[in-house]
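Next, two complexes with chain A in common: one pairs it with chain B, the other with chain C.
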Partner chain A sequence: MSAIRQTHPLLKAAKAAALFFYLAFALFPLYWLLKISVTPDRLIYAEGTALWPETATLDNFRRILFQSDFLSYFANSVTVSLGTAAATTLIAAGAGYAFSRFDFGGKKIVIALMLVTQMFPLLMIIAPIYKIVAAVGLLNSLTSLIITYTAFNVPFATFLMQSFFDGIPKDLEEAAMMDGCTRFQALRKVILPLTLPGLGATLGFVFTAAWSELLFALMLISKNEAMTFPVGLLTFVSKFSVDWGQMMAAGVLALIPSCLFFIFIQRYLVQGLTSGAVKG
Partner chain B sequence: MARLELKNIAKRYGAVEVLSEVDLDIADGEFLVLVGPSGCGKSTLLRMIAGLEPITAGDFLIDGVRMNDVPPRSRDIAMVFQSYALYPHMDVARNMGFSMEIRGEDRSTRADKVAAAAKTLGLSALTERLPRALSGGQRQRVAMGRAIVRDPRAFLFDEPLSNLDAALRVEMRLEIARLHQRLGATMIYVTHDQVEAMTLADRIVVLNGGKVQQVGTPLELYERPANRFVAQFIGSPTMNVFPVVSDGAALVLGDGARLAMPDCDGATALGVRPEHIDVAAAGDGLIDGTADVVERLGSDTNLYVNAGDLGMLTVRRAGNLPVRPGERIGLHLRPENLHLFDKAGLALARRA
Partner chain C sequence: MTTTHAKVTSGETRAWRSAYWRWLVEPYFYVGPAVLTIVLVMLVPLTIGISYSFQSISLLKPFATSWVGFENYAALWSDAKFWRALMNTLRWTLGSLVFQFSLGLGLALLLNTTFPMKRLYQALVFLPWAVPTFLSALTWAWLFNPVIGPLPHWMAAVGLLSEPYNILGDPKLAMWGPIAANVWFGVPFFAITLMAALQSIPSELYEAAEIDGASAWQRFTKITLPFLAPMIAITVMLRTIWIANFADLIFVMTGGGPAASTEILSTYVFNTAFRKLDFGYASAIAVALLFMLLAYAVFLLWARRRFVKL
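Let's look at the complex of A and B:
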C-alpha cells in the first residue's frame, strides 16, 4: 500500500507534465493567433518572436468590426454553416435510419456509391461543379455553397447517423409499435430522443466543416457581399503586404461560433459516448 | 381475451423456408408455450403473431378476423421482449403508461392504471426511476407491467426470463403463472427451456426445423411423445434411446437381451426415461453395466451407466442410491414406460 502511495505523486507529476506538454503543443498556434491579433502593427516585425507585445491593443478588432466587411462575411458564414448543418443532418438522419432499419433493393449499391464519392480528390471535381453551378445561375449565392457542402457532407454524415441508429436496439421500436405507435410515432417518441447525441455530433461535425471550407467558397463566390469568412480572410492579403494583425483578429472572432456551438452540443456528445452503457 | 387461429402458416426468406404447415387453434384464455431448440422458428412464429414479421403464406385470425395485413398497433396484442425493450429515456411510470399516452387517454386515467399495475408487481416505490437504475428482475416486471396496463386481447412473451439468474427465473416464472391465473388472458410464451414450458403451459407446441413436432399438454408430451425429437427434448435428464431389433413378439437389444413386447412390430429404437429404469444387483437386471459417474443431488441420484454395446444410459432414482462409481449394476426397464420408435423416428402406438 505505502509503496503504491510513494510512486503515486511521481506518476501523477509525469502524467500532468505529459498532458501539459501536449496541451501547450496543441494550443500554441491559437495562442499565437491571439497574440498577433492584439499586437500593434508597428510591433509585429519589430518584436519578432516575443511571447507578448510590450503594448497590447484592440485596434485590430475595432478596425475589423467597424471598418471592414468582416461582419457581412461572418453573417454569410453563419448562414451557410447553419444551413449546411441543418440540411445535411436532416438528410443524413433520414438516410441513416433507412440504412439501419430497412432492407431494400439496391441498398448495397447506394452505400457503395456513397463510399465512392468520398474517394475523389476535391480538385478533380471543382471544374464540373463550377460548370453546373454556373449553368443553373447560382454563382455568387450562398445557396450554391449550402447545396455543394450538403452534397459533400451527406455521405459521411449518413454513415455517422447510421452507426448511431444501429446502436439503438430494434426491440425499442417494435415495442413502441406493439404499444400502438405507427412507425413514424415510434421514430419520433422513442428513437429520436435517443438519437439526440448522434444528431448533436453530426450537426457539430458538419457545422465546423462548412465553417472552415475555403476551396469551393473561393471558386463559387467572387462578389464581396456573398463572401464567406474564409474567403473574406484572404482579402487581408494584398499584392504587396499582408495585414497580419487584422487577419488574426478576424481569426479570433471566427473561433467564437465554433466554440459556442461545441459548448452547446458537448453534453450531447458526452452522452453519445456513454449511451452504449444504457441497456434497453 | 381472444381466440387465435393459425391456418397453414408458413414463413420464407427468399428460398429459405423457416416455418411451414403451422396449424394452431389457441383457445380463449389458454397458456400456450412454443418450445424448441434455437433456430427452430419459435420466435419468428411469435413475431408473426405480433405483426412484426410478415406472414408469407396461410392465415392468422383473431376471433375469426383475418389479421395477416393488420399492423401490430391495431392487433391489440401486448408483447414482453427478451431484452425487455424498456424506453431508456422514460421513467417506469411513463414506460408502463406509454400505450395509453399514444391512445391519448387522459393523465389521471393513465396514472390510476399505472399505479394499480405497479402495485400488483411490487413496483410502487420505483415508478419515478429510469430503467437504467433498475435491476434485471425489476426491469422484467416493468416490461410485464407495460403489457398488463393495456389489458390486451393476448399476451406474447419472447423468452422473457432468459436474461435473469436462476433464482430470479423461478420467482418470475411463478409470477407469470399467477398473472395468467388472475387475468385469465390468452398467452403465448416462447422459450427454449423445457422446464418453463412444462410448468407454465396449458398446451405445449414443440417446434423443430420450422415444423410443429407435437402439440399437447405437458403430460401428454411427457408420456406419449409423437417422435424421437419430442421424446428427447421434453424431460430432464434426456430420455435414453438405443437401437433394437424387433422379432414381432420381443425386442432384441444390442447385447442380445430379449424383452418380451407384444406390439413391437417395426420398432427400430427403444426409448426409456432415466426415471423409469430400476437398479438391481449386477446380473439381476435385463441389462448389465458399470456405473461411470454418480451425481448425488440429495433428492435424486443420477447414474451414468456404461452399458457396453448399448452405450451410455442415464438413470435417475429418487433419494440417495448406495452405488459407487465403477461398480457393476443391473438395470430393469419398466415395460409400461417404454417408448418405441420406427425407422422414421415416429413413435409406435402402444396398447399398454
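Let's look at the complex of A and C:
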C-alpha cells in the first residue's frame, strides 16, 4: 500500500513492535510446550521460568513412544483423520460441483440446510448419536467416528470446493462435452486435475478438523485400543498429572501432523477463502 | 407410416430422456451423497434430540424411559445453574469476541502492508489456528500452572496477581484462562477473513484520497472501515454463534469449574450428557441454547436489513 512510502521512523518502530508482538503471542505457547518436553524431570521444578533448560533430553519422547500407548492412539487418529478427509472431500467435491454448475430444484433448500448445520450446537446431537451408534453396535469403533466427522465437515468443505470450481471456466468442460465426453468424464479428466490445489486444501482442512475433535470421540470411545490421540492424551493427563515432560512430549507429537498439513495447505487455503470472500 | 412414426417418438423419447437425465437427475447424482450424509447423521439425530428433551431418558436408568412433557423445561426454568451458565456464556462469548476481533483486525492491517519475509511471517502467526483445540487448551492450562508455566510468575511480577497462583482455580478469574486460549486460537481466523476483505478494496480509492491530501487516519476511517463494515458484521455474527457453541477449551481447561464459574451452556450440555448420562435434561438445555441462538440470528438479520445498507 502507498501509505508505507512516507512512513515516519516512529511509525516504523511501532510497526516492528506490533509485528514482534503478534509473532511472540503466536509462538510462545508452542515454544513453551517444546521447552518442557525436552527438559529432564529433575530440572522441571528447579528451573521454573528459565527460557531454556540447562541440559536438553529426548527421554520424554522415548518413553512416550515406546513405553506407552501413544503410538496406537496416533495410528487411530491418523486412520480416522485420513478416512474422514478422503470421504468428506469426495462427497463435498460432488456437491460443490453441483452448486457451481447446475441450477436444480431445491438448490436453495440444500444450501440453507448446509448453513443451518453450521449454526446449531453440535453437542445437541451427541446424545442421539450415542444412542444410534450403540444400537448398531459401533461403539468403540473408528468407523462411527469417520461417519460422524464426515457429516460435520461436508457443509464447509462443499462451500470451499464450490469456490474452487467457480474459479474454473465453464467453457473447458463444455468443450470436452462437445468432443463427446459425458459430463462425468469431463469432470474427471478436465476439471478435477485443475482443482488439485483445491482438493488438497480441502483434504488438509478436514484432516486438521478431524484430528482435533475431542468431545464426540470421548463419548463414543471408551476402550483403550480404540482411543484417538485427544482422548488418549486427556486420559493420560488425568491419570499421570505430574509427568509434565511426558505430557508435553505427547502434545508435541499431536502437533506434528496438523502443522505439516498446515504448512502444505496454508497458501491455498488463504487463497481459497480470499476468492470465496471476494465473490460473496 | 407407423414405423417412421414410431421411430420419431423413440428418437424424441431418447432426446427427452437425455435432457431429463441432464437437468433433472444429474445434479442430484452429484449433490445426493452430501444431502444424504447430512440428513442421516445430523438432521435425523437433531430431531431425535429434540424429542429427547420431552422424555426422561438416562443411561443410568435404562428401563425408566418415559414421556414427561415439559418437565425437563420446568426443571430448567428453576435451575440456578442454568441461569448462571447463561450469564457465563455471555461473558465467554463477549470476552473472546472483543479480543479476537480487535487483535485480528490489527493483524490483518499489518499483513496488508509490505515487509521482509512476509510469507514466512504470515505462516508463523497463523500457526495457532492449525493447533488442535484440545492441545491449545492443554498448553494454556499448563502456561497458567505456576509449577511449570511462566504466566503466574509474570503476572505476579507486574502486579496483576498478589502471588503466583493458578487463576484457573480461582472462581473470580478462571474464565480468563479459556478466553486467553480462545483469543490465541481465533485471531488468525479474523485476520484471514478481514485480509480478504481488505484486498477487495480498490487501490484507486487510496490513490485518489492521497492525491486529495487525505491523512493515513482519514483513509482508514473514510475508506477502509466503511468497506470492511459488511464483512465485519457477517463475520462477527457468525463467529458469535460459533464461540457460544464452542465447548472444547473450557471442558479441557476447567471442566466448567471451579464452583461452576466457567460452566457455559454448551459445556453444561456436554457434562450432563457425558458425566451424568442424563440425555433428557442435556437435550432440554441444548434445545434452549438452540432457541436463543435462533432468536439472536433473527435479530441480527433484522438489524442488518435495518442498519446496514449494502
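Note that the second predicted complex is superposed on the first by the 233 of 280 C-alpha atoms of A that agree within 3 Å, B and C clash if a C-alpha of one lies under 4 Å from a C-alpha of the other, contacts with A are read in each partner's own complex, and residues count from 1 in each chain.
Here is the rule we go by: a contact is a pair of C-beta atoms (placed from the backbone, for glycine too) under 8 Å apart; a residue touches a chain by one contact, two chains touch by 3 or more.
Note that the structure is a prediction, hence the values are computed from the model and not measured.
Peer 1: Is A:T117 in contact with chain B, with chain C, with both, or with neither (first, second, both, neither)?
Peer 2: Second partner only.
Peer 1: Which holds for A:P169: it touches chain B only (first), chain C only (second), both, or neither?
Peer 2: First partner only.
Peer 1: Once the structures are superposed on A, label A:M178 by its partner contacts, choosing first (chain B), second (chain C), both or neither.
Peer 2: A:M178 contacts chain B only, not chain C.
Peer 1: Does the superposition put A:L194 against chain B (first), chain C (second), both, or neither?
Peer 2: A:L194 sits against chain B, while chain C stays out of touch.
Peer 1: In the superposed model, which partner reaches more residues of chain A, chain B or chain C?
Peer 2: Partner touching more chain A residues in the overlay: C.
Peer 1: Is A:L160 touching the first partner chain B, the second partner chain C, both, or neither of them?
Peer 2: neither
Peer 1: Applying the touch criterion given at the start, work out whether A:I263 contacts chain B, chain C, both or neither, answering first, second, both or neither.
Peer 2: A:I263: touches chain C, not chain B.
Peer 1: Both chain B and chain C touch chain A; at which residues?
Peer 2: 277-278
Peer 1: Quick check on the complex: what are the chain C residues that touch chain A?
Peer 2: 22-24, 26-35, 37-46, 48-49, 52, 103, 106-107, 110, 112-115, 119, 121-136, 138-140, 142-143, 147-150, 153-154, 184, 187-188, 192-193, 195-197, 199-200, 203, 206-207, 210, 216, 219, 231, 238, 241, 245, 247-248, 251-252, 265-266, 269-270, 273-274, 279, 282-283, 286-287, 289-290, 293, 297
Peer 1: Spell out the part of chain B that touches chain A in their complex, as residue ranges.
Peer 2: 50-52, 71-73, 77-79, 81-89, 98-99, 102-103, 131-132, 146, 150
Peer 1: Touching residues of chain A toward chain C in the complex: what are they?
Peer 2: Counting only chain A, the residues touching chain C are 1-4, 15, 18-19, 22-23, 25-27, 29-30, 32-33, 36, 44-45, 48-49, 90-92, 94-95, 97-99, 102, 104, 107, 110, 113-114, 117-132, 147-148, 150-152, 154-155, 158, 183, 208, 211-212, 214-215, 218-219, 230, 233-234, 237, 244, 247-248, 251, 254-255, 258-259, 261-263, 266-267, 270, 273-274, 277-278.
Peer 1: If we count contacts the way the header does, which residues on chain A are in touch with chain B in the complex?
Peer 2: 169, 171-172, 174-182, 185, 189-190, 193-194, 277-280
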